[in-house]
Amino acid sequence: MVPVQYYLLVSAAVFCIGVFGILTRRNALVFLMSVELMLNAANINLVAFSRFHGNLTGQMFSLFTLAVAAAEVAIGIGIILVLYRNFADVDVTNATTMRW
Amino acid sequence: MWIEALIAVTLASAGAVFLSPNKVAGKIAFVLSLLPVGGSLWMYSTYEASGNALLEGSTLAFETNADWIVAGPYSLNWHVGLDGISMPLIALTTVLTSLALLASWTPIDERQSQFYGLMLFLEASLLGVFSALDFFVWFVFWEMVLVPMYVLIGVWGGPRRKYAAIKMFVYTNIASLALFIGFTALVFGLGDAVNTFDMAAVAQALRAGELGALGPIGAGTLKLVAFVAMFVGFAVKVPVVPFHTWLPDAHVEAPTPVSIMLAGVLLKMGTYALLRFNFTMLPDIAQQNAQLIALFAVISVIYGAMLALAQTDLKRIVAYSSVSSMGYVILGLVAYTVYGMGGATFQMVAHGLISGLMFMAVGVIYNTTHTRMVSDMSGLASKMPITVAVFVAGAFGYMGLPLMAGFAAELFIFLGAFGAFEGSVLFTAAAMFGIVIVAGYLLLAMQRTLFGPFEIETDYEVSPAAFHDVAPLVVLILLVVLLGVDPNIFFEMIQNAVDPLAPAAGGGV
Amino acid sequence: MAALSFELAPVIAALPFVSFLIALLAGAFAPRLLPKGGAIPGIAATAGSLLLSAWAALAVWNSSEGVYHESITWVAGVGDAAFDLHFGILLDPLSTMMLVIVSLVAVLVHVFSLGYMNDEGETGLPRYYAGLGLFTASMLSFVFASNLLMAFMFFELVGLCSWLLIGFHFREPGPPSAAKKAFLVTRFGDYFFLVGVVGVFATFGTTAFAGSESFPHLAEQVLAGEASATTFLGLDPQAWFAVLGLLVLGGVVGKSAQYPLHTWLPDAMEGPTPVSALIHAATMVAAGVYLVARMYGFYALLPQVLAFIAFVGGFTALFAASMGVVKKELKQVLAYSTISQYGYMMLGLGAGGYVAATFHLMTHAFFKALLFLGAGSVIIAMHHNENMWDMGGLKEKMPVTYYAFLSGSLALAGIVPFSGFWSKDEVLYEALVHGLDSPLLLGAYAMGLLAVFFTGFYTFRMVALTFHGDPRTDTARDPHGVGWNVKLPLVVLGTLAAVAGLVNMVPVAELTGAHLEFLHDWLDAGPEALTAHHYGDLLPYSSGTIGTELTTVLLSAGVSLGLALAGAGLAWKLYAVADPDEHTDKLGSAKTVLFNNYYQDEYQVWIATGLTLPLARAADKFDQGVIDGVVNGVSSVSLLSGSRVKRIQSGVVTNYAFLLTASLVVLLVAIGLIGGWF
Amino acid sequence: MVYQLPPWAALAPTLLFVAVALVLFVIDSINPDTENRLLLAATATAGSLAAAGVSVWYLLAGTGEAPIRLFQNTLVVDTMSLFFAFVFASVTALVVVASYDYMRDHSYQAEYYALVALAASGMTLMPAANSLAVVFISLELSSLPSYALVAILKRNRGSVEAGLKYFLIGALSSSILAYGISLVYAVSGSLLLPQVAEAASVEGLTGVLGIGVLMVLGGFAFKTASVPFHFWAPEAYEGAPAPVSAFLSSASKAAGFAVAFRVFTVAFPVETYVQTAAASIDWVLAVQILAVVTMTLGNFAAATQDTVKRMLAYSSVGHAGYALIGLAALTGGNDQFVLGASMAHLLVYGFMNTGAFLFIALAEYWSVGRTFEDYNGLATRAPFACAAMTVFMFSLAGLPPFGGFASKYLLFAGAVGAGFWWLAAVGAINSALSLYYYSRVVKAMWIEEPSSEFAIESKPVGLYAAIAAAAVATVLLLPGFAPVWEYAQSAAAALVA
C-alpha cells in the first residue's frame, strides 16, 4: 500500500504545476486548464484521505468539486468568448483598461 | 424630558428651515431659534441640581436615563441631564446661536435655507454634547457637530474654504478617534466593574481605583495612555498648542456666523470634555503631571498671543487670541481647586460670549469694507461709530477689563491656580503675562484700523451697520458686562458642580 | 447723621457713573437732549460727589472709630480653603481726603471743559463727558475700595478711561497711538500688580486693607511670629512678603509713571488738556501713590521694599526733572514735572514719610491741576499751539491766568510759602532724617534734593517763556480770550495752591512750637491700624539728626528752598528777557540725550517693535512652517503614499495572480515559522 | 403557535431566491422576447422582499435561538444565518429595484434577475454552511453567477475586462480554497465544522493543517476582497454595472465574512487552534496582518482616485479591513462583542455602500461622467439624490447621525476591548483618511461650482426609490441601532458563546 504522504506530495506537485501555469501563461484557456489542475490536486487529496480515514466524505466532496469545476469552466469559456469579441485576443494581459 | 424637547425642537426647526424658501429662511430661523433660547432660560430659571453630574451624591436637573442599546455585555443608555457645568454652556449655546443667526442676515446671500438649517442642526448637536451623560450618546453628538461645520465652512466660506474645511474635518476627526480609543480602553479596562458606557458609572469606578489590566497593558500604563489619548483628542478641539493649526485657517475662511459658533461654542466642547473626562475621571494622572499640563497651558497662552501679535488679518488675530484664552482654561482645570476649575468653566462661557462678540464685530466691519486686513483700513470709528464702540468694548473685555466677564473668569483661574500645585506660582505668573500681550495686539490692531484718519483700500461705501447687525453686538456686550458684574449668575452653580472635584487635590487655594 | 453720610458713600462714585450713563445713552440716542454735550450732568454729579465726600470726611472726623468699613460679597468661595471676594467701602481719613481732592479736581475740570471743549466747538462731546464721568467714578471707587482686589479692578478701569480720553481725538494719528502706549505701559505694571493681588489672596486669604482680618495686619502678626501664613517659592515670610510688595509696586510704578515705566506719560499729553489735568492731578497717576499709602501698613513691614521705593522715587524725581529743562512744549514740561513730583511722593513713602507723601499728594493735586488748567487756558489763547517758543508776553493779555499759573509755579518750584514748599520740604526732611542712618536713603535724598534745583529752573523757564518777554508770534500778540468757565477753576485752584500748604507746616511748627500739623492729626485720627502713628511704629527706620532736631528741620528747609530759588533765579535770568535764547547748546552732548529723554522711549519702543514684534513674526513663521508644516506634511505624505501604493494594481491579471500567490506563500511561511510547523 | 413549520422551512430565504430564479426562467421560457421589464423586476423584488421579510419574521419569532440543523448537520440555521440572510435579501431588493431603471436597455432581462437571485441564494446558504463541502459549494454558487453578472454588458470593454479579472482571480482563489479544504480534511477526516475543530489535537500534522487553514482563509479573503486576494475588486467594481457592483461589494462581501465567521469560530476555534494546539496555528495573527494591510491599502489607494466609482471600490476594500477586525480581535475569551460588532457593521455597510453604488448607477444613468470633477455642482440639479449620497458618504466615513457611525465605532471599541487597541488605532488612522476622500464627493456635489452644463432629463423611479430606501435605512440605523446590535450580538453568541 502506498503511504498516504505520497499522495500529499503528488497533489502538492500537481497544485504547484497549476500555479506555475497560471503565473506564466497568458492564454486564458491555459489559465483555465491550470485552475483545473489545482482543483484536481485537491481532489487527489480528498480521495486519498477519504480512503485513509475510512469514510466517503472526501470522495463525495471530490465529485462536487468536479461538478463545480465544470460549471466554472462553462462560465469561464463564456467570459473568454466575450473577451475575444471585445479585445480580439484571448491574452489575459491585454485587458488593462482599468488600473491603479 | 426638557432636554429632549430642546434638542427635538431645534432639530425640527432645522428641518423646517431646510424646507423654507431662501428669502425668508433667515427670519424664520431666527424666530425659531428663540424657542431654544426661551427653553434654556426657562430651564435656567427652574434649574435645581447639586453636585457634579459624574460623581456620587449628585442630583441632576432634567435628567433622563433610558435604555438605548442593550445587548451583549455592555449597554448604551440615553442618559442626559444637567449640572452646574453644563447648564451655563447650554444657555450659552442657545443664546449665541440666536445671535449668530441674526448676524448671518447680511453676509449670507445664497442658499440661505441650507445655511440656516445647518446652523440649527449644529445647535442641536451642541446641545447634545453639553447634556449627554452616556459616552456613546455624547460621542454621537460630538461627532455630529463636524458634519454641519464642514459644510458651513466649505460652502459659505472664503477663498480657501475647501482647504480649511477639510483640514478642520480630518484633523478633529483624528482627534475624536484617539479619544474614543482612549476612553473605550478605560471602560474595558474596568472589566466587570462597569458594563455600561455611562460616564458617571465609569468616572466613579475609575476614581474608586477599579481599573484593571487590558490585555497586556497594566492598569497604570493603561491609565496614562488613555489619559494621553483623550488629552490629545480634546486638545485638538480646544485647541492646545501644538494642535491648533486648523483653527486659524478654519476661522479665517469661515463666514462670520460660523466663526462665532466655532469660537464661541465649539472650542468649549474641548475644554468641557477635558473637564468631564480627563480631569474628572483620572484626577491622579492629571495631578501627577500637573506641571506638564500647565506647561501646555502656558505655552498656549503665550505662544498663541505672540502669534496673534504677528497677524495682519483681524480675524486671524481674534482666532489666535482664542488659542491664548483657552490656555487659561487648561490652567484652571489642572489647578484642581474650586476657583480654578470653576473659573475655567466660567471662562468657557465668558470667552464664548466675548470671542463671539469679537468675531461678530469683525464680521460687521468686513461686511461693510470687504477687507479684514489691518493695513487696508484706518479710522473706521468716524464712519461706523456704534460698531466701533462695541468692538472697543469687546476688545477690552478680551483684555480682561474688570467688571466684564473675561476678567472674572481669568481672575478665578489665577486665584485657583496660584499655589495649587508644585511650581504653580511660576506657571500662573507666566500665564498671566498673557494679559499684557493680549492688550498689545488688540490695542495695536484697533489703533490701526479703527482710529486715525479714515482711509480704506477697497472701493466700497463705508456706512454704519444695519440694526440687525448691531443689535446682537449690543446684546452680547451687555451680557458680558452683566456676567462680569455678577458672575454668580453662573458661578454659583459652577462652583457647586466643581466642588466635589476639588478636594481630590487636597491643598491649593 | 453720620450714619447717613456713610450710607451715601456709594453714591459718591455712583453719581459720576450715572453722568457717564447719561452722556453715553443720550449721546447715542438723543444727543440734542443732552445739555452742553453732557457737561451739565457731569458737573452736577461731580459737585454732588464733592459735597458727599466732604460730608463723609466730616463724618469720619466726628465718628468715634474714625472709620467706616462695609463690604458685600461679590463671589463667595466654596470649599474649605476658599475665600470670598468682596466689594467694600473703606472710609477713613486718608480715603476721604482723597475723595475730596478727586471730586474737587473733577468738578473743576468739568467746569473748565466747558470752556476748553464746548466753547472751542469740539465734536464728540458726549463721548468726552462720558469718559470724564467714568474716569471720576472709577477713581472714586478706587479710592474708597476696601480691599486690594477691588482696588485693582478700578485701577484697571482708570486705565481704560485714560485710554478713552487720551485717544479722544481719534481722527488724528497721534492720540490713538499715545492712548495705546499709556494703556500698554501701565498694563505692563498692572500685570505685576495682578500677580501680587493673586499672591496676597493665596498668602493671606484676604486682601482687605483694614480690620483684624486684613492682610497688613496678618502680615504684621506673621512677622511677629504670632501667626503663620502660606508662603511660596520656598521663601520665608519676610522675603515672600517683600516679593508681594514689589509685585504690587509694579502697578504703582506703571500708573504713577515712575522710572522705568514713565514713558507713557509725556505722550499722554495728546489728550485734551483738561484730561491731562485730571490724569496728573487727581486720578490716574495719583492712583499709584495712593495705593502705596493705602496699604502702607504692609509696606512699612518691608524695609527692603521701602528702600527700593525711596530710591526709585528719588531717582525718578531727578531724572524726570532733568528732562523737563529742555522741553519746548508747555505741556511737555508739565508732564515731566508730574513724573518728577510723583517721584518725590514715592521718595517720601519709601523714606517713611507717610504724612509727608500724602501731604505732597494733596498739594500736588491742587497745583498740578492748576498748572494744567492754566496751560489749557494758554493753549486756548494760543489757538492750540503749545510751543512755548511761539508764546511770550502773555502776562498782560491774560492776567488771571498768569497769576493763577504763577501761584501754581511757585508751589511746584517749592518756594515758600506756597503749598508745594511745605509738602516737598517735609518729604525731603523725612528722607534726610531717616537717611542719616541709611546710605541708600541718603542717596535718594541727594537725588531728590538735586531735583529741586532743576524743578525751580524748568518751572520758571516755563513761566518766563510763556508769559514774559515779548510776544514772539502773531497769535501771542493777539490771543484768544477765555471765559469765566476757564477762569473760575483757575482762581479756585490758584488759591488752594497758595494756601493748602498751611495745613501741615512742620518747620514752622518746629520753630514756633505751635500746633500746625493738622494733616498729621487728620491722618492719625482713624483706627489705630491705619494711622500715621501706627505706621511710624512699624517703620524700620531710626531717625538721625544734624545737631538738634530744629537745626535739622531748618537746614533741610533752607537747603531745598535755596536750591529752588537758585534754579528759579537762573531760569529767570536766562529766559525772562525780551527775546530769550534757547541756551541749550551750552549743555553740549547732554542736550541730545535730554531732548531724546535719555533714549528711554527708544529702548522701550525697541522692545516692543524691535524685539517682540520680530519675535512674534518668527513665532508665526515657525507656526506656519513647522507646526502647520507637519500637519500638512502628514497629509501630503499620506496622499503621496496613496498614489504610490495604488500602482501595485497594475491592471495585468497575471501580476495579480503572482502577487496573490506570493503573498499567500509569505504569509504561510511567516505563520508557519511563528507557529513552529516545520 | 398552533402549527409548527417543518424544519426545512428554516431555509425559506434561500428557497425563495431559488424559486424566484426558477420563476424567472419560466417566464423567460414562455416568452423569451418579453419587453415586460416590470414583471421581471417585480418578481425579483417580491422574492427578495419576501426573503427579507421571512428572515425578519424568523428573527423576531426566535426561530434561530435553538439552532436548526438540517441534512445531517451540514446546514445550520441560527440567528447568525438569519441575520445575514436579512442583509443579503435587503441588499438584493435594493439592487433589483435599482436595476429596473439601470438595465432598461439590456436585452437579457430575465437572465440578469435570475442570476442575481441565484447568487443571492448562494449567499444565503453561506452563513448556514456547517460543512466545508457546503461552504465550498455555496461559495461557488454565489460566485459563478457573479462572474456572469459582472460581465453582463457584453459590448462594454470595461465590463468584460472586469468579468475576466474577477473570474480568473476567483477561479484561482476557489482552487486554493478547495485545496485548503482538502488539506484540512486530510488531517481531520471530516468536513463537518464541529468535527474539524477536533483535528487540532492531531499530532504531527500541524503543518498540513496549518497550510490548509490559511488556504481556506485565502479563499474567504477572495470573497471578502481582502488583501492580497483583493486584486479583482477595484476592477470588478469599477467595470461592472453599478447595481452589480453594489451587490458584490455589499452582499457578496458580507457573505464571505459570514462564512468566514462560522468556519473560523466553529471549525478552527481560537482556544484549540491558536492557543493550545500542539504547534500553534496562529490564524488570528494572519487575520490581523490581513486586516491592517487591507484597511491601509484600501484607504490609501482610495484617497488618490480620480473616478468616484473606483474610489468606492477601494473604500470597499478598506471596509473589508474594518470588518476583518471581527476575526482579528478574537481571543477565545469574551469575543461576542467584537464579533457582533463586525456583523452589525456588515449590515449597516450593506445599506450605505449599496446606496452609494446605486447613486453611481444613477449618475451613470444620467451619463454624468465618472470623475469627481464631473460631479461638481450636482447638488444644484438633483439635491435630493445628492443629499442621499452625502448621507452614504458620511455614514461610510463613520460620522453621525448615520448608522455607519455606531457600527464602526462599536467595532473599534470591540477591538480595544479585546486588548487590540493598536488594531483600533490603525483603523482610526485609516478612518480619518477615509474622511478625506469621502468628503471629496460631498465637496464636489455641494461646494464646487458646476463645471459643465448638463440636463437631467428624467428622474428614474426605481433608482430613486432604492436610493431613498437605502438613505432612510442608513439614517434610521443610528437611533434604531438597538435591534441591529441585539441580533448581531445574539448571532455572535451563537458562534462563540
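Read from first to last, the chains carry the letters A, B, C and D; within each, the first residue is number 1.
Rule of thumb we're sticking to: contacts are C-beta pairs under 8 Å (C-beta built on N, C-alpha and C of every residue); 3 or more make two chains touch, one makes a residue touch a chain.
Keep in mind it's a predicted model, so treat the numbers as computed, not measured.
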- Query: Among all the other chains, which ones are in touch with both chain A and chain B?
  - Reply: C, D
- Note on the structure: Most remote chain w.r.t. Chain A, using mean C-alpha positions, is C
- Can you name the chain whose C-alpha mean lies closest to the mean of all the C-alpha atoms? B
- Message: Going by the touch criterion at the top, tell me which pair is linked by more C-beta contacts: B-C or C-D.
- Response: B-C
- For chain B and chain C, what's the span in angstrom between their mean Cα positions? 37
- Message: Distance between chain C and chain D based on Cα centroids, please, to the nearest Å.
- Response: 77
- Note on the structure: Rounded to the nearest Å, the gap between Cα centres of chain A and chain D is 25
- Task: Let me have the rounded angstrom distance from the C-alpha centre of chain B over to the C-alpha centre of chain D, please.
- Result: 41
- Message: Multi-chain contacts only, two chains or more: what residues does chain C have there?
- Response: 635, 646, 649, 651, 653, 657, 661
- Send over the residues of chain B in touch with two or more other chains. 170
- Item | chain D residues counted as touching two or more neighbouring chains | 164-165, 168, 172, 176, 234-235, 301, 433, 436
- Task: Give the pairs of chains that touch; include all such pairs.
- Result: A-C, A-D, B-C, B-D, C-D
- Residues of chain A touching chain C in the complex: 19, 22-23, 26, 92-93, 95-100
- Contacts from chain D onto chain C in the complex sit at residues 164-165, 168-169, 172-173, 176, 206-207, 210-211, 214-215, 218, 227-229, 231-232, 234-235, 279-283, 285-286, 289-290, 297, 299-305, 314, 433, 436
- Note on the structure: Seen from chain D, its contact residues with chain A in the complex are 132-133, 136-137, 140, 144, 147-148, 151, 154-158, 160-165, 167-168, 171-172, 174-176, 178-179, 181-183, 185-186, 189-191, 208, 234-235, 238-239, 301, 310
- Note on the structure: Listed in rising order, chain C residues that touch chain D in their complex are 635, 638-639, 641-643, 645-646, 648-649, 651, 653, 656-657, 659-661, 663-664, 667-668, 670-672, 674-678
- Query: Which residues of chain C touch chain A in the complex?
  - Reply: 646-647, 649-654, 657-658, 661
